[in-house]
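By letter and in written order, the chains are A, B, C and D; residue numbering begins at 1 in each of them.
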Amino acid sequence: MTNLLMPSRRALLKGAGAGVLAGMLPATVGAQAAPIKVGFQLHRTGIGASYGRWYERTVTAALKKINAEGGIAGRPVEILFEDDATDPKRGAEVVDKLTQSDGCDVVMGTLFSHVVMGSAPRAGELKVPYLVCSEGYHVASGALNRWTLQPGITDVRSQISSMAPWVAANLGKKVTMFYPDYAFGYDHRDHFSKAIAAQGGEMVAMIAIPPTETSFTRYFAQIPADTEVLYHVMVGPAVLTFVKELGEFYGTGPKPQLFGFVDSLEAVDTATPGLEFLEGSHFWEAHPRVKPADAGEFEAGYREAVGVDDNGTSVSDAKDVATYSHMFSTWETLHFLKQAMEAAGYTGPADRQKLVEAMEAITDLPYGPERPQGAKVFNGKTHQVFGVQHISQIQSGKLVQVHTTSMEDGMYEDAVDYTTMAF
Amino acid sequence: MSFGPFLLLALMEGLVTAAVLALAASGLSLVFGVMRVVNVAHGEFYMLGAVIAWFVTTLVPGPAWAGFLVALAVAPVAVGALAAAADRLVLRRLDYDPEATIVATIGLLYMIQQAALSFYGPDARPVAAPFDWRLQLPWFGYSGYKLFVVLAAAVVLLALWLFMTRSKVGLVMRATQVDRDVAQAFGIDVDLVYMAVFGIGAALAAVAAVLIVPIQQAHYLMGHDPLLLSFIVVIIGGLGSLRGTVVAALVIGLSDGVISMFFSPTLAKILATLLVALVLVFRPQGLFGVRDR
Amino acid sequence: MSGAKVWALHLAVLVALFAAQYLLPPYHATNLARVLVLALFAMGYNLAFGYTGLLSLGHALFFAGGMFAAGLPAYHFGFSAGPALILSLLGGGVLAGAVGLFALRTAGVSFMIVTLMFAQAGYLTLIYFNAWTGGDQGFAVPASGRSLFGFALSSDGPRFAVAWGLFALGFLVCLALVRSRFGRVMVAMRENEERSRLLGYNPFVVKLIVLVISGLYAGLAGGAWALLFGYAGASFATIQYSILPMLYVLLGGAGTVAGPVLGAALMFWLIELASGLTSAWLFLVGAALVVLVLFAPKGILGWVREKVWRGLP
Amino acid sequence: MSLLEARGLTRHFGGLRAVDGVDFDLRPGEVQGLIGPNGAGKTTFVSLLSGRIPVQSGTIHLAGEDITRLPAQARVRKGLAYTFQITSIFPGLTVFDNVALAVQGGRAQIGSWRGGGAALEAAVAAALGQVGMADLAGQGAGALSYGHQRLLEVAMGLALQPKVLILDEPTQGLAAGEIAGFMALVRGLVPAVSVLLIEHNMEVVMGVADRITVLNFGRVLARGTPAQISADPAVQEAYLGA
């Protein structure tokens, strides 16, 4: 809970940056070195605000870590947050403001795909690297430009493709899909249908729910009786209603297997009354919210830095559930930026093109403290990163990881080669 | 699912939608009917009611119904007081000028939304229903609380109707609605009536929210849809006609439910929206309104 | 009020706006281009609402109609900016005419709700045909569509010039229109519709013409937005974009020629200022609106007209 | 021959026969009075003539042309003008603009698209001159005195340059001195314009009308010269009975 009229975070973090400069940095960072400014396009208000809060928290932790380890190429790093109200029009204005008015070297952080789509053209015009944390298939599909990259999170197309084999093998082959009637849903609609068909399965119904819908029961009657798997990817504030109503609808009677994307439950406690219906059902997770027994060696350090406990809730408030499967992308993106800037010998805005070229040259991204979600491969042609995915089952109200995909499950042929485009 | 149960489900859903619409619109019907001002912040009063319900049910120990009852008492009082203060401090000074009121209530909307975001946060949070009961039919299950909402809507609207027609305060309000100047000439303190109407209208929105929030979630942006839908219901019903509001809610709710049986969801929404628009086009005074001049 | 003085004053406003691009830092010059396009939209709204008394909540439909009428052919069929802009003009005008044919059978709050519902249906239609429109995510307009007479609209100079040019055109047409014989009839509709009928005017026809003109403005503004800023999306068809021009007009002064641009600029830089001061910027903007309206309930130029210069058009 | 002719004009509201088969003729160049007790159907009758209310049955002809189904604004353009009983002006506009609206909207459609021009200004000045308000052109109409607003209403009727002018209770609320001037004004209009005058003030009617039609219960009770009407026992009974 923030104070109603607290000073803006941008002001605060500038202050914090100064503190870091004064006290915490190793001697290699000269006090005279001008900081690298990273503009962060933040969903602080609007429909994406739940995610925005955790994005801010995670990237701030990453910033602290990077500065404590000497910054980027010996220069301290500063992040300037600017609210885009989760609106594409304001998004473009924010890219403009961060770049032109605040003098940021790069802009990063956007989640919602319509904001990405609205902002990317402006980033291209300003020729500023724009690193999105959105998981949309808009980057690798070729819809954007040379300046827009997604180096911190695997896109939905890849996530979905890697789920299909497991779903077909373990849950069933006749799938009914509920998806929101907007871009995030379309990625699922288009790519899961193909992926499940490749496994010998089929979609028996695809039901698109219009935005702003608050009640869903009436649509459940459209679920065909021979459905084996109910695939749901709803997002937004009405998600809980969706799941609760599904539970009321099926009740104690026979029901299909449920498979969902955890996007439905990001920032939501899986033990919430009314969600008992989800017990035993499966979810995609990019980064398991509840720390698995076989978690990698860097998992604990990441959780501590961000302030998240082993259940994926805030250490200061056990009711405050993280958007765990998405927020790591801001951490990894900032580290990716550091790696690329150091490789490019980046000194200032004049080197922005060199910076993008350096990013495009990166391929292997091994597991490490800078990549707590796991090892990744970056495709410089499509500007998209690829990593492993997880499937978790709700057991006793908790998400328990039951399967991890291979990187190859999520690969698909390139749809674009940005490196051939002009800057 | 075969047609019969399908239709039954659609009708039940339509009835619940109608109850939600009628509840959300009741306060606006009062405010719009008596004061003839467009209160853009009405949906935010609704949202505040839901958010207060969350705080109250979280704080009050004991069974779910205890917190629910406390919320049902606290939320309308708090929200009503806030609205009355807004009337006194802002709207009265604008002399309820229709255009200035729109700008002022847009300002209020921003302020309330930001306050909710700052103090309550951006997450959607569930409020437990006062009781946990599920109706299991042979074909599908249904929430017992949803059916309770239909009943509650009937009770609230009946109470409002009795209040407006049988009580002295209600009479004074109706007199003011018919003719402000004449009411003033008869010694009615019109300023006080307006403040009371604005406060009661907001309190009704809060009551509606407390009743509805267990089947939805409390979220700081949740006021947007109820505002639009309430306006539509109130206008279709005919300004200031409580009976019209109820009928309009039923018409919109049931047609929404039944249309959603036959088309894909988004297409169904498009058709339902156009249908409602055309009702107004061919009956501009609403279902139960009197044509102005 | 002498006509020459009025024209001189409004031309001076245009010159000042043009000069501002050289005086402002680049970031704010771009913002001014945004404000000018939004002001074009708001001027159209003002013709319907401020002058003729048509309180519409459906103008987002006309704006988005223009945006997609320009954007879709540019995206799918490689249209360049010139034809696309003409299509946006048509898109806004045709939609406004179609909506008007139905909605103008109603008046007052019913008109408000009917236009709102048509716009809502339009928004859902954009979502429904997402295979073409991209739905809420929309699409980036390709460079080929952002070229006008060989100039790339993605660069600052041509973008500002086009934004200013379209605004200036709309501004002067608006001034000429409201001072014309038809402008007098528009105000007559707002002031007393029944009387104007008994003076030989057909209110339905007059209001339909005004709504179409208003739709032309909104459509052109929507098309200009898509081409100048490179993006078209369904979020521009939401109710928010019907309320914005109303807010601009009410803040600047309903029924004044320069009110919309003043209101749009004020609102834009108010948000800009507030979001720089606090993360709770929305609260500050809300409070500022309340204070502004208490100080000038008829908008800023409405206040000027009341207290300073009665003849302000 | 008659300039304005109604045959079997009928309008019922539910069970109320507001106008019930009225035949009516207005001759060129005459001032005809229309009187009757309250509720006799006078206002409904002229509303049918002017087109404000649709006709249920019967016909209306203006200068031989059937205008029964024409909307009000089209009748105005054909030369049938109506001034309101309750003052109905454009309070937010100047006196000049009020009259200019009539000038450019009426039968002659005077004025350029730019909304000004010498012809328009001359026509406005002429209409205002006729009612003696030439010096008030620049004033806001909403700020005028009640009497001036009534006269403005008449000026707007005149500015339409009608063939037939229907004046609905024009002297209501006027001071005695103003009434005398008004009577002179009406007499001065003929024979260029034919006038149908609905009036409560008997002195005015008797003073200016060439002929008088009396309505009662939606039907024509009597018709004749002022002298004939004042001597008619049926009329006396209707007024006394009412």
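Throughout what follows, contacts are C-beta pairs under 8 Å (C-beta built on N, C-alpha and C of every residue); 3 or more make two chains touch, one makes a residue touch a chain.
Since we're looking at a predicted model, the values are computed, not measured.
Taking the definition of touch as given, a chain qualifies here only if it contacts subunit A and subunit D alike; those chains are C.
Comparing chain pairs C-D and B-C, the larger number of C-beta contacts belongs to B-C. The innermost chain, defined by the distance from its C-alpha mean to the mean of all protein C-alpha atoms, is C. In this assembly, the chain whose C-alpha centre lies farthest from subunit B is D. For this pair, subunit C with subunit D, the centres built from the Cα atoms lie 43 Å apart. Each chain gets one centre point, the mean of its Cα atoms, and the points for subunit B and subunit D are 49 Å apart. Between the CA-based centres of subunit B and subunit C the separation comes to 32 Å, rounded to the whole angstrom. Note: centroid distance subunit A to subunit B, computed from Cα atoms, is 36 Å. In subunit B, the residues that reach two or more other chains under the touch definition are 114-115, 117-118, 266, 269.
Along subunit C, residues 124, 127-128, 194, 280-283 each make contact with two or more other chains.
Within subunit A, the positions touching two or more other chains are listed as 2, 4, 45, 181, 210. Interchain contacts give a graph that is no line, ring or star and is not complete, per the touch definition above. Screening every pair of chains for touch gives A-B, A-C, B-C, C-D. The touching residues of subunit C, when paired with subunit A in their complex, are 25-28, 30-31, 34, 124, 127-128, 130, 134-141, 154-155, 229-231, 233, 235-236, 272, 275-283.
Chain contact summary for the complex, subunit C toward subunit D: residues 176, 179-185, 187-188, 190-192, 194-202. Residues 1-4, 45-47, 49-50, 52-53, 181, 207-210, 212-215, 217-221, 223, 225, 236-241, 244-245, 248-253, 267-268, 272-274 of subunit A are the ones touching subunit B in the complex.
Put simply, subunit D touches subunit C in their complex at residues 50, 52, 71-74, 76-77, 81-82, 84, 88-93, 97, 100-102, 104-107, 111-115, 156, 160.
By the touch criterion stated above, subunit B contacts subunit A in their complex at residues 1, 5-6, 9-10, 13-14, 16-17, 114-115, 117-124, 126, 128, 134, 136, 140-143, 215-217, 219-222, 224-225, 257, 260-261, 264-266, 269.
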